[in-house]
Amino acid sequence: MTLSNHTSFLSEAVEALSDPQSCQGLLHRHRDGDPLPSAKALRRAVELTRNLVFPGYFGIPNVNSRTLKYHTGVMVEELYGVMAEQILAAFCFEDTGEDIGILRLRATDCAAMFITRLPRLRQVLATDVEAAYNGDPAAKSHGEVISCYPAIRAILNYRMAHALLTEGVPFLPRIITEMAHSETGIDIHPGARIGTHFTIDHGTGVVIGETCVIGNHVKLYQGVTLGAKSFPLDADGNPVKGIPRHPILEDDVIVYSNATILGRITIGRGATVGGNIWVTEDVPAGARIVQTKAKK
Amino acid sequence: MTLSNHTSFLSEAVEALSDPQSCQGLLHRHRDGDPLPSAKALRRAVELTRNLVFPGYFGIPNVNSRTLKYHTGVMVEELYGVMAEQILAAFCFEDTGEDIGILRLRATDCAAMFITRLPRLRQVLATDVEAAYNGDPAAKSHGEVISCYPAIRAILNYRMAHALLTEGVPFLPRIITEMAHSETGIDIHPGARIGTHFTIDHGTGVVIGETCVIGNHVKLYQGVTLGAKSFPLDADGNPVKGIPRHPILEDDVIVYSNATILGRITIGRGATVGGNIWVTEDVPAGARIVQTKAKK
Amino acid sequence: MTLSNHTSFLSEAVEALSDPQSCQGLLHRHRDGDPLPSAKALRRAVELTRNLVFPGYFGIPNVNSRTLKYHTGVMVEELYGVMAEQILAAFCFEDTGEDIGILRLRATDCAAMFITRLPRLRQVLATDVEAAYNGDPAAKSHGEVISCYPAIRAILNYRMAHALLTEGVPFLPRIITEMAHSETGIDIHPGARIGTHFTIDHGTGVVIGETCVIGNHVKLYQGVTLGAKSFPLDADGNPVKGIPRHPILEDDVIVYSNATILGRITIGRGATVGGNIWVTEDVPAGARIVQTKAKK
Amino acid sequence: MTLSNHTSFLSEAVEALSDPQSCQGLLHRHRDGDPLPSAKALRRAVELTRNLVFPGYFGIPNVNSRTLKYHTGVMVEELYGVMAEQILAAFCFEDTGEDIGILRLRATDCAAMFITRLPRLRQVLATDVEAAYNGDPAAKSHGEVISCYPAIRAILNYRMAHALLTEGVPFLPRIITEMAHSETGIDIHPGARIGTHFTIDHGTGVVIGETCVIGNHVKLYQGVTLGAKSFPLDADGNPVKGIPRHPILEDDVIVYSNATILGRITIGRGATVGGNIWVTEDVPAGARIVQTKAKK
Amino acid sequence: MTLSNHTSFLSEAVEALSDPQSCQGLLHRHRDGDPLPSAKALRRAVELTRNLVFPGYFGIPNVNSRTLKYHTGVMVEELYGVMAEQILAAFCFEDTGEDIGILRLRATDCAAMFITRLPRLRQVLATDVEAAYNGDPAAKSHGEVISCYPAIRAILNYRMAHALLTEGVPFLPRIITEMAHSETGIDIHPGARIGTHFTIDHGTGVVIGETCVIGNHVKLYQGVTLGAKSFPLDADGNPVKGIPRHPILEDDVIVYSNATILGRITIGRGATVGGNIWVTEDVPAGARIVQTKAKK
Amino acid sequence: MTLSNHTSFLSEAVEALSDPQSCQGLLHRHRDGDPLPSAKALRRAVELTRNLVFPGYFGIPNVNSRTLKYHTGVMVEELYGVMAEQILAAFCFEDTGEDIGILRLRATDCAAMFITRLPRLRQVLATDVEAAYNGDPAAKSHGEVISCYPAIRAILNYRMAHALLTEGVPFLPRIITEMAHSETGIDIHPGARIGTHFTIDHGTGVVIGETCVIGNHVKLYQGVTLGAKSFPLDADGNPVKGIPRHPILEDDVIVYSNATILGRITIGRGATVGGNIWVTEDVPAGARIVQTKAKK
C-alpha cells in the first residue's frame, strides 16, 4: 500500500463508519445541550459517599471533631450537585421525550432523597464492617477492613445503587455496581435486596442476580453465584423481564467458595452450602450440603 | 542503623541493581530513538475504537447525524496515528535487528489494514450486543448493554487484538486483551477464534485459551475455563508452542458458571454444559451434562 | 419537595452525618500534621519497584547499559523517600500513641531495610518469570511475560508486601496486595510464605490465605482457593487471630482451575489437584485427585 | 502559642471570615444550579478560536486539506457549546433576576452569532498577520508571526471580546482581554474599536482604553498608552461611565515605544508619534512629534 | 558526528555538569527529608487566600450564607497546613543549621499568625477594590474588579507577602510577589509599606521598591517606577543592604503612566506626577508636575 | 433564531471555515507523520536546562553530592531526546522539502551540540547571577536570585535560544524567548549578542532587538528599549531582513528605566543613560545623559 492509497482508504473508512445505516441501533443520539452520564462524575459521587460514610479514611487530611462538620458540609453540597446532574443525565439518556424542565425537577428531588438516606446508609454499612471484621481472623482492625477490603467497596456501591433504583433512577445504578464489579470482581445487581451484617470474603467472582433476596448476617465466599436457572420467553422469543428468578437466602446462611445456586429456590435460615457445588433445589433451614467426594 | 549508614546502603543498592550481571534477561535494552510500546497510548487506541464502533456512548457530546462524520473523521485520523506508532514500537520491541525504515512502512500498512477492518468490527460487535441483550432478562436496553456490560468491553478488546494478530502484529494483541482482563476479569487470548453473537454473562473468571475455536451464538457464564489439559514438551523439556490444545465449541453451545472444559475436545452443536464441572472429553451435539448431585 | 425545603434537608443531613455519635468507630481520627497513608504514593512505590526489578519495561525510555545506573540511582532515591513517608504514616495510622520522632526513625530504618532487599527481590522474581514462561505454551518471550502477565504483577506486589510485613510494617502490606487483587483478581495475603519459581496461570479468582506455606516450583490455575475451613472462636465468640489454618503446598504441586483447598492440610510434594474440586484432607506426595465424573 | 491555642484560633478565624457582615460586598452570592463563569472554559474557548482561525498551528496534528473539515466540525461544535454555557454564566453573574430559561435562550443566540462571525474574524486577523510580518524585519515567515508574536494573541483575544461585547454579553469580554493582558502585557479594552492591518511591536505595556477608535494600518510599539486624561464626576462624586475619553487614531498612524497619548484627541492620518512622550493635544495628519532633546 | 560519538559526548556532559567544582555556588544542597519550597504549594496558598478574602468569586460553586462557613472551615484548615509546611521549607532553605524540631514550631506559629491576620487582610483589600472601582469609569461592578483587575491580584499577593515578611518568614514573600509580577507585570517588593485604598490602573510595568512608603488613597498608572537612584557601596564594593532608598508617597498622590520617581524623596500629599517623566527631587504637597512639551 | 436554524448555521460556519480558499496562508499544512513543534515539550526543555544549570533549585528533592550525578544523567538524557525531536519538528515546520531521514540526522547533531554547550552555559549564567546579586541591595542571597528573579529566567531562555540559533535551528529560538517574554515581560530576540555579567533589574517591558550587541557587565532597568529606528524597504516595499539596525552597548553601560535607544548607534563603554529618554545618536564612553527637567 503506497502513501497515496492511505489517503483514500482513510476517507473510505470515515464514510463507512459515519453512514447512519451502519450505525443502526449503535449510535446514541443525544439531544443538544442535555447533560451526559459521566463515568468520571459518578466515580466522584462514589468517592464522596465513601468519604461521608467513613470520614477520615480516604484522602482527606485533618478530619477531627473540630473539622468534621466543615468537611461534611462541603462534601454533602458537592454530592448533591453531582447527583442531581447525573440523575438528570440518566433521565435524558432514556430519551422518553419529556420536557427537560420537568426532568430537572424530578432529578433534583431524587438527589435530595438520596442525600437524606446517607445517615441510614452509614448505619447499615457499619453492620457490614462489623460482620467482615468478626468473620475474618486475618482482619487486624476495623480501619483495615474499611480501607482495604474489596467487599466493603462493592457493598457500598451496591447500597448506593439500590437506593437510587428505589427512587426510580434509571441507568446509573447499574453503572455504579459495574464500577465495583470492575474494581473488585464482585457483581451485585442493584435490584437485589440485601439485609444487614452482610459480608463477602475475598469476593472475586461473586455474582448476585437482580431478584435475589438476602437476609441478615449472611456470608458469601469468593466465586459464589446466586443466579437464574432459566427464564421464560415471551411470544416473540424474548426473555420476559422482571420475573423473580434468583435465590432467596434467609438469615445466617453461609455459602462457600465457587458454589453455584440457581433459580428461585430458598436456602433456609442458618443453612451452609459447601464450595464448588451446584444447587438448584431448596435447602432446608440449618442444613449443610457439600460436594461428593473427589476420587484420587 | 544511623543516618550516615543510610548514605552507603543506598549507594550499595544502586550498584547492585545496576550491575548488568544481575539484570541478565530482565533488562529490556532499547535502541535509542525507537518508540516504546505505551500502555497509555494503547488505552487511547481502545477508547477510540470503542467510540468509533459505538458512537455517542463514551464521553463525546453532541454526536448526532450532523456531527457524526466530523467526530468519526477526527477519531479515525488519531487512531491511525496511534496504531502506526504502537505497531512500530511492537516491532522494535521484538528487536529483530531489521531496519527501522522498513519496520515503519510495515507498521503503517498494518495500521491501515486495521482501520479498514473497523466497519466489519462494528457489524460483528452489533451481533454480540444483540446476543447479550436477548440473553439477559435484567438487560433494560441496548444502551445499557453497550455502556455497562463488561462482556462487551472484553469482546471488543479481543476482536481488536485478534485483528492485529491476524496482521502479524506482535506483542500488542496480548497487552490489549490483558487490559480487558484487568478491567473485567475476562481473559480471552487474542489467538482464539470466535464467531458472531457471542456473549458472556457476568464474566469474571472466564478464561478462553489461545487455540480455542468458538462458533456462532455461543454463551458462557462467569468462571468458565476453556483451557488446555496438558501439553507436550520438546526434547529440551520446554512446552511445544502453537499446538491446538484448547476446546472447540460449535454453534449454539451454552456453558454454565465455573465449568472447566479442557483439551482439544469438541462440544457439539447446541450442547449445554452445567456449572462447576470438569469436562475433558467430547460432548455430543445437543447433549446436556451436569454435576453429580451434592450430598447433604 | 420545594426548593426551600432543599436548604433545610441539606443542613439536616450535614448535622446527622457530622454527629460524632453516629460516627462511632467509623471516623478515623488523625493527629494534626501526621502523614496519611496514601494510595497514590503506594502505587508510585509499586511502580518504582517494578521499574527497578525489571528495568526498561515500564515506561522509561533509553535504559541501556550507559544510562541504567542514572535511572537506578534516581529511582532508588525516590523509592526510599516514598517508603519512609508511607511507613511512618502506617505507624501513625495504628495510633499507638508513641512519639512521632521515634516512629520516624523506625520508619526510616524499615525503608532502608526494604531498599537493601531489592536485589534479592529481583533474583526471586526472575525465577517466577522463568516459571511462567516455561509453564505456558502461549508465552512468546520473557518480555511478554514481564509486560503482560497478571501473575507477575500480583506476585511482585505480594513479595513487596511480605518483605514489609517481615519488617513489622503494619497496614501497608495489605493495601499493596489489595491493589494487585483489584488489578488482577489474584488475592494473596501478605502473610503467606511462598517459595521460588511460583506461577499462577490466568489467575483471576485465586485466593491464598494468610497462613499458607507454599514450596518451590508450585503452579496454580485461575479460581484456586487456598483457604481456611473454619476457625476457633475465643471466649467472647470472636475468631482467634493468627492460628495456622490454611494449607501447606509442598514443592512441585500443581492445582487446576477452581479447585478449593481448605484448612491446615498438606498437599504433598509433586501432587496434582484437579479442577473444580473441594479438598479438605491431606493429599499424599505424588498423588493426583480429580472430580467424580459428570452425569449426562 | 501552644498547640491547644491553635485549635481555638483556627475556629475564630473561620467564624470571623464567614461572618456575613464582614463579607459585605465581597461575597458573590450564587443561585444554586446556575453555571459559573469559568476561567478554564474561557481559556478553552480562546484556544478553539485560535485553532479555527489559524488551522494547523496550535497542537492539532494532521490538519491537511483532507482532514480540515473534520477538525473544523468538531471544534465549531465544542466552541458553540462552551460559549453558550459561559455566556449563560455571565448573564447569571449579573444577577438581574431574570428567568433562567429566557437567559438560556438568549445565551444560545449570542453563541450562535459568535460562531457566524468566525469567518469574518479570520479575514480580519489575516490582515493583522500581514501587517506584523511586513512591519518587522526580524519576522522570518507568516508561520512564525502566527505562532510566536504576542501581538497576534492579544489582538485575537481583543477581537473575540469585542464581538461578544457587541452581542451584549457582559463580563466575559473583559475576562478574555485580561487573559491576553496577563500573557502578553498588552491591555486592550474590549470596548475599543480597531480597524484592519493592526499591529503592535513587542507589545508589553501597551494600554488601549475603552473608547479608543483606531483606523486601519495603525502600528504601535511597546509601552504605548492610549488613555484617558481625566473624567467628569457625577453629582455623587463617582466617575461618569461611558463618556468618550480616549484618543482617536486615524489610518496609518505610528506610535513609538512608551509614548502616552491621553484624552479624546485625534492623531491625524499618517501622523507619527515619537517615543517616551506625553501627548494631550491633537496631532495633525502627517505630523511627526518627538521628545525634546535629552541633555548630557 | 556519528551515533557512536553520541554516547561518549553525553557521558562527558554528565561528568562535566555533575562535577561539584563546576556547581560552586549554584547547587542548592538540601538536607535529606527537609521539605522544599514549592511553587505549586504557594500558588495553592495564594488561591486559597483569594478564595477566603473574596468568597464565591474564584471557582467554588454554591457559596451562599448556608454554605459559607463549611467552605471557609475547609479552606482555612488547608491554608494553615500549606503555610506551615512552606514556611518550614523556607527556614530550611536558609540553612541556618538550626534544629528542625525548633524550626517546625516556629513555622507553625508563623502560619497561625498569618491565619489570624486574614480578617484584617480582607478589610484592607475591600478598600483597594473600592478605590479601583471608583477610579475607573470603565469598571462595571465590584464583581468585575475582583474577578478581572490585575491590580487586585498583585496587591493581594503583596499584602500576603508583606504579612509573612513581618512575621520574619524568609524567601516566600519574594516568591509570592514574583508570582504576581509574572501574571500581571506589576512588581511590588514585599518590603514596601502601602496604605489603604491603593490602586494601580492597568498596571503592567509598575515597579515599587523595597523601602517605599505609600500612604492611603494613592493611585498609580502603568509603567510607573518607584525606584532607587543609587546606593552606597560598603568597603568591599558591595551594595549596603536595607538602607531607605525609595520614594515616600503621601496620601492622595496620583502618578501617571511611565513616570519614574527615584531615590528617598517625598511626593507630598495630594501631588500629581505627570506621565513619562523622571523625578529625583521632592515634590511639594498639592503640586502637579508634567513633561516639557514635545516638539513637532 | 430557532433551534432548527442553529443546525444550519453551524454547518455553514464549518463550510466557510474549512474552505481552503479562506485559509490562504493561514493553514499550516503538515506532512503526515512528521513531528510538530510542541510548546509543552519546549517548556520541558527549558525546565530541564534550568535544573541542569542550577541543580537543586527547581523541584527535584534530594540533590546532594551523592545523587547529583544520577539526576544529571537522567536529565541530560531526557533533554537530548526532547531537543532532537523538537529540532526535527522545527526543520519540518520550515517545509523545505528535504528528506526526513537527512533532517533527522541533522537534528540529532544539533541536539548533541546543544548538550555539549551546557557546561559553558552554566559558567556564563553564573556571571549573570553574580551581577544580579551585586547590583541589587534588595537581593538576600544567590539562592533568592536564582529562584525568584525574572531576569535570570529571561536570560537563561535567551542564552538557550541563542545557542540553538547559532546551530542553525529555525523557529524554536523565537518560541523559547517568547516563553520568557510572556512570563517576565522581558523580550530578548535570540539573535542579539550579549556578554557576561548581564543583568536586568525588575525587567518588565525590556525589549532587546535582533541585531543588538551588548558587552560585559551591562545593566538595564525595566522598560528599556534597544530598538530599530527605521528600516530600509526593498524594491517591493518589504523591509530588508537581517541588516544591523539595533544599538551596540559597550562594556559597563547602565540604562535606566523606560529609556528608549534606537538605531545602529553605540553607547560607549561605561556610559549611563537616564530613564524615560529617547536616544537616537551615539553616546560617548563614560557620558551620562538624562531627561530635561520636568516643569511644575
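Lettered A, B, C, D, E and F in written order, each chain numbered from 1.
Operating definition for what follows: contacts are C-beta pairs under 8 Å (C-beta built on N, C-alpha and C of every residue); 3 or more make two chains touch, one makes a residue touch a chain.
Computed from a predicted structure; not experimentally measured.
J.: Give me the C-alpha superposition rotation for chain D onto chain E, in degrees, nearest 5.
T.: Superposing the C-alpha atoms of chain D on chain E needs a rotation of 120 degrees.
J.: Farthest from chain F by Cα centre, which chain is it? Let me know.
T.: Most distant chain from chain F: A.
J.: From chain D, which chain is the farthest off, judged by mean CA positions?
T.: Centroid comparison gives C as the farthest chain from chain D.
J.: Distance from the CA centroid of chain C to that of chain F, rounded to the nearest Å?
T.: Chain C and chain F have C-alpha centres separated by 52 Å.
J.: Once you find the CA centre of chain D and the CA centre of chain F, what distance in Å lies between them?
T.: So the centre of chain D lies 25 Å away from the centre of chain F.
J.: Could you put a whole-Å number on the gap between the CA centroids of chain A and chain F?
T.: Distance between chain centres, rounded to whole Å: 56 Å.
J.: What parts of chain C, by residue number, touch at least two of the other chains?
T.: Within chain C, the residues that touch at least two other chains are 6, 10, 14, 32, 61-62, 69-70, 72-73, 77, 81, 185, 204-205, 223, 258, 274, 276-277, 290-292.
J.: Please give the residue numbers of chain B that touch chain C in the complex, ascending.
T.: Residues 1, 3, 5-6, 9-10, 12-14, 16-18, 20, 22-30, 32, 36-39, 93, 170-171, 174-175, 178, 181-182, 185, 187, 189, 191, 204-205, 207, 209-210, 223, 225, 227-228, 231, 238-243, 245, 258-260, 262, 274, 276-279, 283, 287-292 of chain B touch chain C in their complex.
J.: Applying the document's contact rule, which stretches of chain E touch chain C when the two form their complex?
T.: Those in contact with chain C are residues 7, 10-11, 14, 33, 66, 70, 81, 84, 101.
J.: Can you tell me which positions in chain B touch chain D when the two form their complex?
T.: So the residues of chain B in touch with chain D come to 61-62, 67, 69-74, 77, 81.
J.: Applying the document's contact rule, which stretches of chain D touch chain F when the two form their complex?
T.: 52-57, 59, 61-65, 68-69, 72-73, 76-77, 80, 108-109, 112, 115-116, 118-119, 122-123, 126, 129, 134-140, 142-144, 146-150, 183-185, 202, 204-205, 221-223, 256-258, 274-277, 290-296
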